[in-house]
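Several structures are given next for inspection.
Two complexes, one shared chain (subunit A), two partners (subunit B, subunit C).
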Partner chain A sequence: MKRIKTTKEAFNKDLAALLDKFDVFAPSTKQGKLDYLNITDPEDITWTDDLPYKSPKETVFPRVEEIMRFTKDDVVPTANVKPVLLLGAKPCDIESFDVFDGVFTSEKGLYIDPFYKERRDKMLIIGSGCAAKKPGCFCDERGYDMTFSDKCDAFVALDGDDMYIDLITDRAEGLFSGSDCPPREVNKAPETTLKIDAHENDIFTTMPWEDWAMSCIGCGTCTYVCPTCHCFDIRDADDKGEVTRCRLWDSCMYSNFTLHAGGTNPRTTQAARYRQRVMHKYVYLRDNIGITACTGCGRCIRLCPGGINIHDTVKDIMGRTGKK
Partner chain B sequence: MSMNPYLPIPARIEEIIQETTSDSQDVKTYRLKPKTVIDFMPGQFVECSVPGVGESTFGFASNPLVKDGIELTIKRTGRVTQAIHMLSAGDTLWIRGPFGNGFPVDFFEGHDLFFVVGGLGLAPLRPLIEYVLDKNNRDKYGKINMMIAARTPKDFIFTYDYDRWASCRDVHIYQTIDAAVPGWDKFVGFPNNLIKDIEFDGQNTIGLICGPPIMIKLNAAAFKSLGIATDRIYTTLEMRMTCGLGKCGKCNIGHRYVCLDGPVFSMKELDEMPGEY
Partner chain C sequence: MDYTAQTNALRAAADKLLSEGTVDCVIGLTPNEAVGFPTPIVIRNPEDAGKLVWDENCFTNIAVYLLRTTGRRAIAAKACDVRSIINLLAENQLKRDEIYIIGMQCPGMIKDGEPAPGCDQCPSSVPGISDLTIGSDGSDTYQDEKMEPHGENVTEWMENSTDAEKKERFLKEIDKCILCFTCRQACPACYCTACFIDRKADPWRQIDADRATKIAFHLTRAMHLAGRCTDCCACEKVCASGVNLRYLYRGIIEFVSDTYGFTTGVDPDARPVMNSFTSEDSETGFLGR
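Here is the complex of A and B:
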């Protein structure tokens, strides 16, 4: 892994030259909130150790995405957009793309999702590390190094006016100028201490889900800010006879998520919905794609109006199923 | 199927058959001619849509060996089915599929079959019935019993098929309704209380159940008590689903997806899964 050194000013200049080719998303501040925003000027990047309040998933999995358009006797898939350059993605957020790739493009599923795959294949990710854990963060317990991830194309570190860039994949070569410098020393990833080993049937009915979900108001905030939540709905829009079909984020926290047209609902309580969210992440995806779908970013914990804490829930499950 | 599993193809409505005549249940069968042939196995399903309204999930209801068209049997229930019921012959529906696993017809060979269905539950089993009654397949399967249940005499579907089915070798059709009405001379009551009175060999029978969740549970228990092992009791489940591709996250029971691992499950499989259906 090659490392180059440049200045923030030169970096911004190189980045500006990429704005034509890419939709650039980077941590930026709007209305006082730090978020991964589509920027048109490198000066708009907020260089801070803070974690953007939402995940960057919408760069490849938009909240509302037109997927096709109906003509009289045919249907035309919506041509995809400009490639995305995600800059300043934190290691936890970089980790989340493993989950999306597992669900949407894995050979383990029978189907490849062409809309996601096209965006993802074109996407370039440039990461940046965290110097300190934030309240609610637990990426270390999930086994991730908060200072660095190599699951991206390049990784940047700002030091005063100096910028260090680790070039990880071939795709990152030549994007930025700079002089060679000694490679980064990569920390050993911490041991994963927060995970569920138990079989789904051993926790489905035996855990106090009602107690854990008692303050859940079903707002769905956890699923919207989560970097790995990917459940979706498909809806049509009819604009004076011009029909488009769109994919939209959905949430397992909503009572109508599983409601049948005929009135049956297999998940009638908020406790059952919270159970679905925890088990989908820590048990079902573990079994289906071999990845626990929680990066330890802590967003759902910081933003839950009911104070629900998935870290504590999982810790409790581990205790009750014989794991520390 | 297209390389893009989200893209539907147009299917012309050739004929619409009004199945039920009761006030509470409006069920119609749509005979469709898809733009390209859709090859499916009994138990599989399609996503069917009315552009501008939306997409819903329906099991195939027709003979899978007939290649020049498909049939979907649709009860007017929600937004999409309401819109479908507004269409006429000559109009277009949009479909994509087939999806799901289907019935293990090879495993069923050499066995007797006992169908227990309630109301619209006959629709997803009709492809299997037609498949096993096909002249090239009939000898592979033994005696066939069907206990067909409906709320009232007006709620039975595919009544025009019963005589043809019953004329095949060793096929026995029984009908039952929830509560007695004047002029009804067949069974009255729920199937789980009636199947013990039908002669069948529990050791060599595949039990097939389709209906509301409570009906599946009660009849699986009844079959079990009459000697059918749980790995020979099959059902096909209904779940709200969006994609049919194992991605949208709606139809899972535990780690398994009804759209990928199902909709057909044995009771042995269901017994090993969390009871969230």
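Here is the complex of A and C:
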């Protein structure tokens, strides 16, 4: 891993040259709240230690994605996907792409999703670290180092007007100019202390899900801001004989989630839906792809109007199943 | 204002109501460190009364939990919660004898260090109806208090803006929306079991998640809330993306007020304005005169 030193000004200049080739997404307060936004001017980037209010998963998993377009007789070709450059992604958000890769592209998953894979293969990630833990954050308990992640192409650190760039993959070589400097000292990742080891059957009916989900209003904010939530729905839209097939985000918090065509729904209560969210993250994906799908970013906790806390729920489960 | 005294009075009231069996549960707010503001709780045992709290960050509208619980319920309600409750009573969604309203005087709440959405222009710090009164000094009488106006006055802005400016502002706000429907879920007036936007066979939610679907959702919801929106701003308070929905709903409220002289959430016995028709109405409706 090579490290180069440059200035913020020079970095912005190099970045401006990449704007033609990439859709650049970076933390910005351009629209009010700090969010990963598609920026057209490097000056719009907000360099701060704060965590954007929602995750960057939209860059490879758009809220609405056109996957096919056809008429009665023909398939209409869809536009090519422009590569994404995700800049300033925090370590927790970088880790989340592991979960997406596991679900959508790995051989452990059942399918390889061509739409996700195309975007992901073209994507370039430049991370940046957190200096301080925010209220509700628990990435350390999930075993992630908040200051650094090497699961990206490059990693930047801003120090006043100086910019340090760690070049991690070959793809990052040559994008930015700068002088060589000693490599970064990587911290040892903390130990994962928050995880569920119990079997699904041991917690499915025995936990007080009703109590935990009591204040849930089923709004879905947690799933929309979550970096690893990836449930989707497929809809067709007919416009004068031309049909667009879209993939849209779904949310296990909605009352029509898993609603069957016949009108029944196996998850009839909000408690059952909350259980699905916790189990999917901490049990089902652990069993299916070997990754617990929670990076500890704390967004769902900070933005929940009902004050539901997945960290406390999992801690409670660990206590009740005897695994501290 | 004395939040400690109000909290103590609220805890004493909850303890008494639950111990004497007057109610089955008390709906209120409890401190939540991770979130940074008190979040909803439903308590059923007198021992849990100490979990309740009343402070300057209690902006969450908890009237929505009356629709999610059954039995005789007490609720620690501030003025905006009570307006929502009054609307629900008027629409026969709640039975008055099942609801015990602990009226909490509220001089306006704080969210993220600033007045919570709508609080700075709240019409009254005093709940419209209540079974028990907890004034801002913790006593059983309401005090004379109001929050100072802060920031842009949406009502005045509406009056001084052209239609084109209002449209531009609305679209600017809507661009932040991520269509998660949190506003709908947090709204005490949005209690339909099947929302129009969730009907999969309908074209509303199919394409163009950008403007078209957002406009369809927000404008249709606004139409459904005409004469029913109590300006509690629960939608804006919970919005993760910070969409200022007041620039839409203030317009609806002004329209209903100007056209029908009706203010929602004042009189539980008044017929909801969109449900009432008299032969003196300027528009003849189905009578077709």
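Heads up, the rule we're going with is that the second predicted complex is superposed on the first by the 317 of 324 C-alpha atoms of A that agree within 3 Å, B and C clash if a C-alpha of one lies under 4 Å from a C-alpha of the other, contacts with A are read in each partner's own complex, and residues count from 1 in each chain.
Simple rule for what comes next: a contact is a pair of C-beta atoms (placed from the backbone, for glycine too) under 8 Å apart; a residue touches a chain by one contact, two chains touch by 3 or more.
Computed from a prediction, not measured in an experiment: that's the story for all the values here.
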{"item": "Touching partner for A:Y53 - first (subunit B), second (subunit C), both, neither", "value": "second"}
{"item": "First, second, both or neither for A:V64, with subunit B first and subunit C second", "value": "second"}
{"item": "Partner chain in contact with A:I301 - subunit B first, subunit C second, else both or neither", "value": "second"}
{"item": "Subunit B versus subunit C as contact partner of A:F204, first or second or both or neither", "value": "first"}
{"item": "Subunit B versus subunit C as contact partner of A:C152, first or second or both or neither", "value": "neither"}
{"item": "Touching partner for A:Q31 - first (subunit B), second (subunit C), both, neither", "value": "second"}
{"item": "Which superposed partner A:R235 touches (first subunit B, second subunit C, both, neither)", "value": "both"}
{"item": "First (subunit B), second (subunit C), both or neither touched by A:V283", "value": "first"}
{"item": "Contacts of A:P266 with subunit B and subunit C, given as first, second, both or neither", "value": "first"}
{"item": "Touching both subunit C and subunit B, counted on subunit A across the two superposed complexes", "value": "235-238"}
{"item": "Interface residues, subunit C side, partner subunit A - complex", "value": "30, 32-36, 38-42, 60, 64-65, 68, 175-176, 178-182, 184-186, 193, 198, 200, 203, 205-210, 237-238, 240-242"}
{"item": "Subunit C-touching residues of subunit A, taken from the complex the two chains share", "value": "31-33, 35, 53-54, 63-64, 135-136, 214-215, 217-221, 223-225, 235-239, 244, 246, 248, 251, 254-256, 298, 301-307, 309, 311-312"}
{"item": "Subunit B-facing residues of subunit A, complex", "value": "67-68, 70, 73-75, 77, 103-104, 109-111, 113-115, 200-201, 204-205, 230-238, 243, 245, 250, 252, 257-262, 264, 266-267, 272, 276, 279-280, 283-285, 287-288"}
{"item": "Contacting residues of subunit B [partner subunit A, same complex]", "value": "3-10, 49, 51-56, 75, 77-81, 92, 94, 212-213, 238-240, 242-243, 245-250, 252-255, 260, 272-277"}
